[in-house]
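Listed after this line are the structures, all set down as structure tokens.
Note that subunit A is present in both complexes that follow, paired respectively with subunit B and with subunit C.
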Partner chain A sequence: MSQLTSDQTGRQQATRAEICVAACADTWIGAGEVLASPIGIVPAVGARLARLTSAPDLVMSDGEALLIMDVPKLGATGSDVGVIEGWLPYRRVFDIVAAGRRQVMMGASQIDRYGNQNISAIGDWRHPAFQLIGVRGAPGNTVNHRTDYWVPRHSRRVFVERVDVVSGVGHDRARANGAAAARYHDVRVVVTDLAVLDFATPDRSMRLRSVHPGVTVEQVQLATGFPLVVEDVTETRLPNADELHLIRDVIDPAGLRNRELPS
Partner chain B sequence: MAVGVHKLVTAAEAVARFVTPGAVVGMGGQNINRCPMALVHEVARQGLGDLAVVGCNLSVPLDILVACGLVARTEHGSGNLERYGTLFAWRRAAEAGSIEVRDHSHLAMATRFAAGAIGVPFMPTRSLLGTDVLRGLIDLDIARLMDFDGQPIVLMRALTPDVSLIHVHQADPLGNAVIEGVTSHEVDMVRASRATIISAEEIVPPGSLGERPERVTISEAYVSAVVHQPYGAYPTSAYRRYDFAEDEIKAYQAVARAGGAEFDHWIRRYVLEPERFDDYLDLRDPDAVRRLAMSSSMRSML
Partner chain C sequence: MTDKRMSADDVAAQVRDGMTVGIGGWGSRRKPMSLVRALLRTDVRDLTVVSFGGPDVGLLCQAGKVRKVVYGFVSLDSIALDPHFRAAREAGSLEIAEYDEGMCLAGLRAAAHRLPFMPIRAGLSSDVLTINPDLRTITSPYDPDDVVVAMPPLTLDVALVHLNAADQLGNAQYLGPDAYFDDLFCMAAKESYVSCERIVPTEELTATAPVQSLLLSRMFVTGVVESPGSAHFTSCAPDYGRDESFQRHYVASAREPAAWAEFERQFLSGSEDDYQAAVRAFDERPAVAL
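Now for the complex of A and B:
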């Protein structure tokens, strides 16, 4: 379907959050039959959108212990999750991580040009000036399977020259730690409220892949604390009418995406 | 003839007997799911301090113990309530330097418990390679970097808590326990622990789990004491029994974030002063409105 205008459908054009949802959804294309673990609302809507469109093989859970066949709306629990196809208790997720049959999109309190991510602490790991959430799954995810990042507020506080505590491993660190760290390392895309970035450069430093409609390259560079590789920057695609219908009416009718990322 | 040690006691008796000051406490549950709230309130009431609290995603039970000044150290993969934010008492204490925080990652913690569960001194993992966390853990002699076939591999030291606290769906008086839905790190953690206190939604007669023995998640061999406590995970959830009480979680986060006298008062009024966990439930949820309202969608699955 072609790009949507409000005239054709009588509906609003895609919001910034919906553009980000589509960008997140595109990270799951070609993932195959792996466990999809999106952290955050926009990534969660994106993964469900991918399962309904471009990546029907994705294995999804209800966020607790059930593997689900249907694609329920965001926040559904109990019988609302629809048809159940299996059981995946938390402990077994670790076996799936180690085997690499998973793809995750995580958050980042800080991220550097090689994709080193920090969610542990600002300051020293032993004596934090500011205690963050904790490293969670970042170390294991990044050396075992594809990991992408979602940053709802692109700023110099997040995109820094050097992160305080490397939690998720970036390309330089993976390289420096031999095949054991680098073999399955696959940090590929960073989706933010301004742009889509990747590491498709010779030295795997961060590149500006596309800016969202209405955002300039300069704006993204100004909000980034290190120089980005800027060449052939495109505009991030808009979700088509089918996708907008799925996002608005099927996956997130409560509009939680717009709360995580107000337009 | 049926024989076995009956371990059914009150929370007060179980905690007094098996939790000691300075203990390494294995914390069951995960963020807003099946946290051992009743047992943790009892630890707080008895004022057992200088604890090292260990687990994967430590949440509100840890925060309450920190708020009561009972925690010296935490070892974990995160300290948060997912969309309801970080743990505020924990964060303040970490930033003030009044507790030591050893942030490991979930996988690294699960690896340490798995080593403890099978009685080996360490477990190898690829996780942590390339991180700054690894450097910190090596300094603390919790992790080592080794060579295997010319490649680096991380060895994580086994973790064997002095006592683990978990909340389960069903248990018999001997300690055979059934967990439905999510089992977190806690099955390995219990197997690695020197003692384990279980609180259960429901106590079933000895032998009644025999019809479906594969449902027994934790064997009595690992269990030191059994406490009967319906809604023992409130305000966190018990899968297919009750959902988490969002209002209560939000109320706690608001007052914990504010800190100061208001928070101290909340802890005193709702954790330290109630004689039993049932009194807390009645204070915070009179007429059981929250406890019952949250069950409807889950009940429809039974």
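Now for the complex of A and C:
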């Protein structure tokens, strides 16, 4: 794969997973010196790509309790993680969340037009049809620092009119209760296998920002359980040859990204 | 000074119906599994379990020991969900208090500090306030525009934690990269019990590890259980990692009643020594030819 040297070759060969990786990476542009917390494989590859290209000051963890200087390949543990620059036990993660020096990309089992997210349970929380992992850190993340979302399968099951349990707080609810929850609320981008969406609208409802190459606007709207704001939709950018080399040969040589998002 | 050594069954005998039990560790990491397994051998029931939840929660739910779970998540880390917890929730048989995980930390801090609540921003505008209708917000006395959640104390009757080493007095040490919240669990509890990989003379605790590794002081420890390998199948770095193969077996067994009955017969029907022997036999099983 290292024979990919030109943009032209890269443009022909970027997979959907790699396009999503680049879109995830772009969410960390301008983040500065903050802890990047990607949840999921494609966001993890994206954060590492950003650290190697557009966001060199990002602070990265090994997924456990270490802050690491180098960018090891995905799945590396122990001494394979390279130079250690800091200590990140869970207690400090919560301190950093409260201090706001963090930018996270989380998953979403459900998400609505204002970015309310559910990872807790499907159905009535008292007697759920499907118990999920729990609200985890989503309530705290969303009222403390920037939060973006990654949805590997864009569908009406995920993009719903109303989420069953608001775990991550969306724009409408953040603003409904005065300034307190909205003060540090910053839910900005949703990357999916079909498109990139955001909330850059007057009422902060979800907007289709770009569709991935080969995907139509209609296709995205059909897979979404509420009307999207659609205006000036562009095509999602392709990773360039340098980025493809980093993704394929440096960050994820085992191709884990393709397991999360098969081509 | 008091020699606090005891057995896992001695610890389990201290846990009575209706108590609130805090369990240390995180997900499928450094869980006091031998103490949990000892609880499974008792008749205790109606427990309220407070945990950064892993297989401890799943096993206790499956065994009918639990009335209520207080948690931010229940996960096996490398496997997202615990099947027993999931089944108990979907059966509608559990009371729950689901909080943001930072709120769980705040609740333990409030209990440890004997405070009526701990302010935290997490939870505002989320359904954590719906799931927990008794939760209150509080307006800052310094700024009428600032409102935070008043997280009440998660006060425990008993805390159960697992560390790498301890002395017989209850001073205990972690040697992995993360203490999790085991010290706060112990400070939030009326009685705290520590299982450990080894009990050593006090002076040995700092002979090869820095003093910062001494997480628990005997002030906050009621009893100490020496039980090597007893966090299995969760991790106990650096002594051992998570037993991923066994965890997969746990999950696969839990999905099917007949398989779970066999798992119980094989692993949970005897003492901790029997469990450890059954795990060794499981590790040495010949590959099945298909």
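Here is the rule we go by: the second predicted complex is superposed on the first by the 251 of 263 C-alpha atoms of A that agree within 3 Å, B and C clash if a C-alpha of one lies under 4 Å from a C-alpha of the other, contacts with A are read in each partner's own complex, and residues count from 1 in each chain.
Here is the rule we use: a contact is a pair of C-beta atoms (placed from the backbone, for glycine too) under 8 Å apart; a residue touches a chain by one contact, two chains touch by 3 or more.
Here the structure is a predicted model, which means the values were calculated and not measured.
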Clash-or-fit label for the pair subunit B, subunit C on subunit A: clash
First, second, both or neither for A:A181, with subunit B first and subunit C second: both
Touching partner for A:D80 - first (subunit B), second (subunit C), both, neither: first
First, second, both or neither for A:R173, with subunit B first and subunit C second: both
First, second, both or neither for A:A129, with subunit B first and subunit C second: both
Subunit B versus subunit C as contact partner of A:A98, first or second or both or neither: both
Touched partner set for A:A121, first subunit B, second subunit C, both or neither: both
First (subunit B), second (subunit C), both or neither touched by A:A138: both
Contacts on subunit A seen with subunit B and repeated with subunit C across the two complexes: 64-66, 89-91, 94, 97-98, 120-121, 125-140, 142-144, 165-169, 173-174, 176-181
Contacting residues of subunit B [partner subunit A, same complex]: 30, 33, 56-57, 76-80, 86, 90-91, 94-95, 97, 100-101, 103-108, 110-111, 125-136, 139, 150-153, 181-185, 187-188, 239, 243, 297-298, 300-301
Touch list for subunit C against partner subunit A, complex: 26, 52-53, 71-75, 80-81, 85-86, 89-90, 92, 96, 98-103, 105, 120-128, 130-131, 137, 145-148, 176-181
Touching residues (chain side subunit A, partner subunit C) in the complex: 64-66, 87, 89-91, 94, 97-98, 120-121, 125-140, 142-144, 165-169, 173-174, 176-181, 183-184
Residues of subunit A defined as touching subunit B within the complex: 64-66, 77-80, 89-91, 94, 97-98, 120-121, 125-140, 142-144, 165-170, 173-174, 176-181
